[in-house]
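Next up: the structures, one after another.
There are two complexes below, and they share chain A, which is joined by chain B in the first and by chain C in the second.
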Partner chain A sequence: MNRIEHHPILTFPEKRTLTFYFDGKALSGKEGDTIASALHAAGVRVLGHHFKSHRPRGFYCAIGNCSSCLMVVNGVPNVRVCVEQLEEGMDVRSQNDKGVLP
Partner chain B sequence: MRKTADVVIIGAGISGLAIGVHLAKKGVKDIVILEKTFPGNGATGRCGAGIRMQWGVELNCLLSKFSVEYFENVNEILKNDVDVEFWQGGYLIGAKDELEAEQFRKNVTLQNSLGIESSYLSPEEAKDMMPHLDVSHIKAATFCGRDGHLNPFKTVEAFVKAAMDLGIDIEKNTIVTGIEKTGGRVSGVKTDKGDIKAPIVVNAAGGWSKQMAELAGADLPVYSRRHQILVTEPVEPLQSAMFMGFGLNIYIQQVPHGPFIMGRGDADEPTDLRMTSSWKFLNDMAETVTTLMPRLARLKVVRQWAGLYNMTSDAQPIYDEAPEAKGFYHACGFSGHGFMLAPATGQLMSELILGETPSIDISSLGIDRFKGDMLLPLESSVV
Partner chain C sequence: MRDVPLLIIGAGPAGLSAAYRAAEAGCDVLLLERAKKIGGQLVKQTHKFFGSEKQFASTRGIHIVDILAGRTKDLPGKVEILTDATVLGIYEDGVVTADIAGTIEKIRPQAVIVATGAYERTLAFPGNDLPGVYGAGAVQTLMNEYGIKPGDQVLMVGAGNIGLIVSYQLMQAGVKVKAVIDAADRIGGYLVHASKIRRAGVPILVRHTVEAALGDSEVEQAVIVEIDDEWQPIKETRQVLDVDVICVAVGLSPLADLLYQAGAKSFYISPLGGHVPLRDQNMMTTLENIYIAGDVAGIEEASSAMVEGELAGVAAAQKLGYETPDTDQLKESCLAELRQLRAGPTGGKIRTGLALAGVYS
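Up next, the complex of A and B:
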């Protein structure tokens, strides 16, 4: 588990659990998560591979700037999962190409 | 910088570079190209770099046909191996209404008579060619498979390399401050880096050609209008042909590495040399493109910018010697098509300057046509 549950100053109230799918595999996140934070909490480190170099790409800037976390969400490519809220039942897939428009 | 030259060209855009290269190939020595910033920083590097032979007037067909054939053999002609990324996926042009469709029928007849293999298509045939286009917005279309687009930066690189190989000096960051005349003839150019004596000066300043003409006391009936353009994130190949609509006011292409590029002008805007980007363009273009191509709605815009169209009243260029200053030549007023016409510009201007018979009759593209009623038929096939 990679989620901070106890903190000396902040409190984290219990949130509803959401189920979503990463490359077809069911995972769970919390309400209020971004897709990237839910994946990170579930231990997923490789979000996709660069279309040209085929090197793994991971969670990097976390503010929607760097393009490292582009994934296919519900069939839409090039979604910046670090700034996209997690929703119940989302189909999240790693992206290894430039993205095919739905 | 040299103190004297045989020819000084103002502007290292694609037109000025092509004129320089062609003069040098014909044996002219001591050519200097003056550029206020760097090569291709004006409209050349800002344009969609489309090239098409589908025009509504004969001369534009002939000039662009010359250019297509040139770009097909550009490495041989320029004697270098720069890949200009000439993508010949064709141009699909959509007619917004019956009036345009009628004009397109005439255009195709004209183009076919000049050896340009274009065809007239029904909306259904256009749909087969471009499945993501919502053809309920067009009445007809035309297509020519030899049309396409280039990478303007690589094309500038190819011409700059050729120019340097031929011994042409390109003076970057050099601003022209005056044009000297002696007895009705041009005799030199003043710049912020020093003066050059030259018997021949070529005005290839694109958006700023009117201002350059004024320095020589020459009247040039052109004005410059901002056209805007945007680029999206790259996606896998979806669209091979460039799509264009005149009434629809759009051109849109997918460049080889994946992004879509789309642009238009706004006839209601002031013509004050502004080159800024506007929110309105982003909004209007998004509305147009998502109506025509709903699949593109999820594409994210990466960047937008603008460049200047140097317009004439008949939307056709001016290739001529200025009557006010012998030896001062204009190659301007391209009305948004300077990039695609550049090879023809280089060839024809070099012939004009050296007193040779032009490869294509351009006597009707003189500056006198704006004085009386000698205007050419208006080219309506313009975005």
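Up next, the complex of A and C:
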């Protein structure tokens, strides 16, 4: 488990568990998570592959600046998952191309 | 079309401070924040601030947000804050477009204060695109906002204040910091932070750089090496560390895209972090009634961002005709506070940068 349980300054109250799907596989995150934080907590760091070099991509800045974390969310490509709130039942998929708008 | 006297872009320390001072003078303010909550990067600063009491020294950043937001209430001018609101462009006719919770809206402000902050720089080395190479701010966000450990074993690249503070925060979260390295020949951050980390047994290696991140699909190892006076690697000092995170804390650059788009004159000024829009003593750019404040005006600390915000807020309100008997005195005291914050050896870089930008305070 990658969640912090004890911290000298911060408290992280227990939050509702949300189920979502990563490339079709059911995973769980917490209410208040972004998609990226929920994936990271579930041990997923590779969010997709570069459309040209096919090298693995993860997030870099986590605040919506760098666009390294683009994924397909509920069928919509190029979503910056580091700033997109996780919702119950979300369909999150790795993005390996430039994406086609629905 | 929404008509507002003053539009402020970014609700971090600079934007919130600007809103407070402008509304205090009687000017209505629309404050747009692209994130889903206000505070900018203060929301992940769990450490106590340095500086003077006026900038909330010894208060943790996470608590300063509430103080700044609280000050924008019950003032002669009204401050309306919208989150999930990303400004898209500033046009010649003065119209600003924004994506507000998924709807494109047009705003016609009489003056704008751009307080968009900064973005994290990265470092060029083989494997720097592997998942697990994270900016120091990203590591803070993950830990301090979402309560998630970025990994188990971390190499910190950069021994400036951010590198040192985030190393300590990693330890507080129960994550092992293998080493802190910096290519410079000395520790750049405050020694009080460095001592805390060293006391906990984490080596701080100066004159060291990261040569590569290794791993098939994620970071598994980091190669570090000592460098000589010409900044060339000394091969026999090469070490391979087993780490799953390489945290990059090599500085920030102003997030000034909106100002380039609007046509504000800017220059590359290395000590200020990159391309910086020029401004006058009142924080106004080369564009009439467009102001800047905070890291977008040159990378400094949150304390100076707050003061610059106050200065821009007072000045923009004054330009629009909202004045109080204290206005000029307030501007003077902001300038004096900035001079004080930038005094001493740690402010040398910023003083050099501001002089290059033609700002003499």
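Here, the second predicted complex is superposed on the first by the 102 of 102 C-alpha atoms of A that agree within 3 Å, B and C clash if a C-alpha of one lies under 4 Å from a C-alpha of the other, contacts with A are read in each partner's own complex, and residues count from 1 in each chain.
Criterion: a residue touches a chain if its C-beta (ideal position, glycine included) is under 8 Å from a C-beta of that chain, and two chains touch if they have at least 3 such contacts.
What you are looking at is a predicted structure, and each value in this text was computed from that prediction instead of being measured.
K.L.:
By residue count, is chain A touched more by chain B or by chain C?
P.N.:
C
K.L.:
I'd like to know which partner A:101 touches here: chain B for first, chain C for second, both or neither.
P.N.:
first
K.L.:
On the A-aligned overlay, A:24 touches which partner chain: chain B = first, chain C = second, or both, or neither?
P.N.:
Neither chain B nor chain C is touched by A:24.
K.L.:
Using the touch definition from the top, say if A:78 reaches chain B (first), chain C (second), both or neither.
P.N.:
first
K.L.:
Please work out whether A:32 is in contact with chain B alone, chain C alone, both, or neither, and reply first, second, both or neither.
P.N.:
In the superposition, A:32 touches chain C alone.
K.L.:
Now for A:43: first (chain B), second (chain C), both, or neither, which partner does it touch?
P.N.:
neither
K.L.:
If we count contacts the way the header does, which residues on chain A are in touch with chain B in the complex?
P.N.:
Going through chain A, the ones touching chain B are 76-78, 97-102.
K.L.:
Over in the complex, which chain B residues touch chain A? Could you list them?
P.N.:
Chain B reaches chain A through residues 132, 233-236, 238, 258, 295-296, 298-300.
K.L.:
Which residues, counting only chain C, touch chain A once they are in their complex?
P.N.:
Within the complex, chain C touches chain A at residues 34-36, 41, 46, 60, 62, 119-120, 122, 129-135, 137-138, 141-144, 146-150, 172-174, 217-218, 255.
K.L.:
For chain A, which residues count as touching chain C in their complex?
P.N.:
For this pair, the touching residues of chain A are 2-4, 6-10, 12, 32-34, 37, 40-41, 45-47, 50, 55-66, 68, 82-83, 85.
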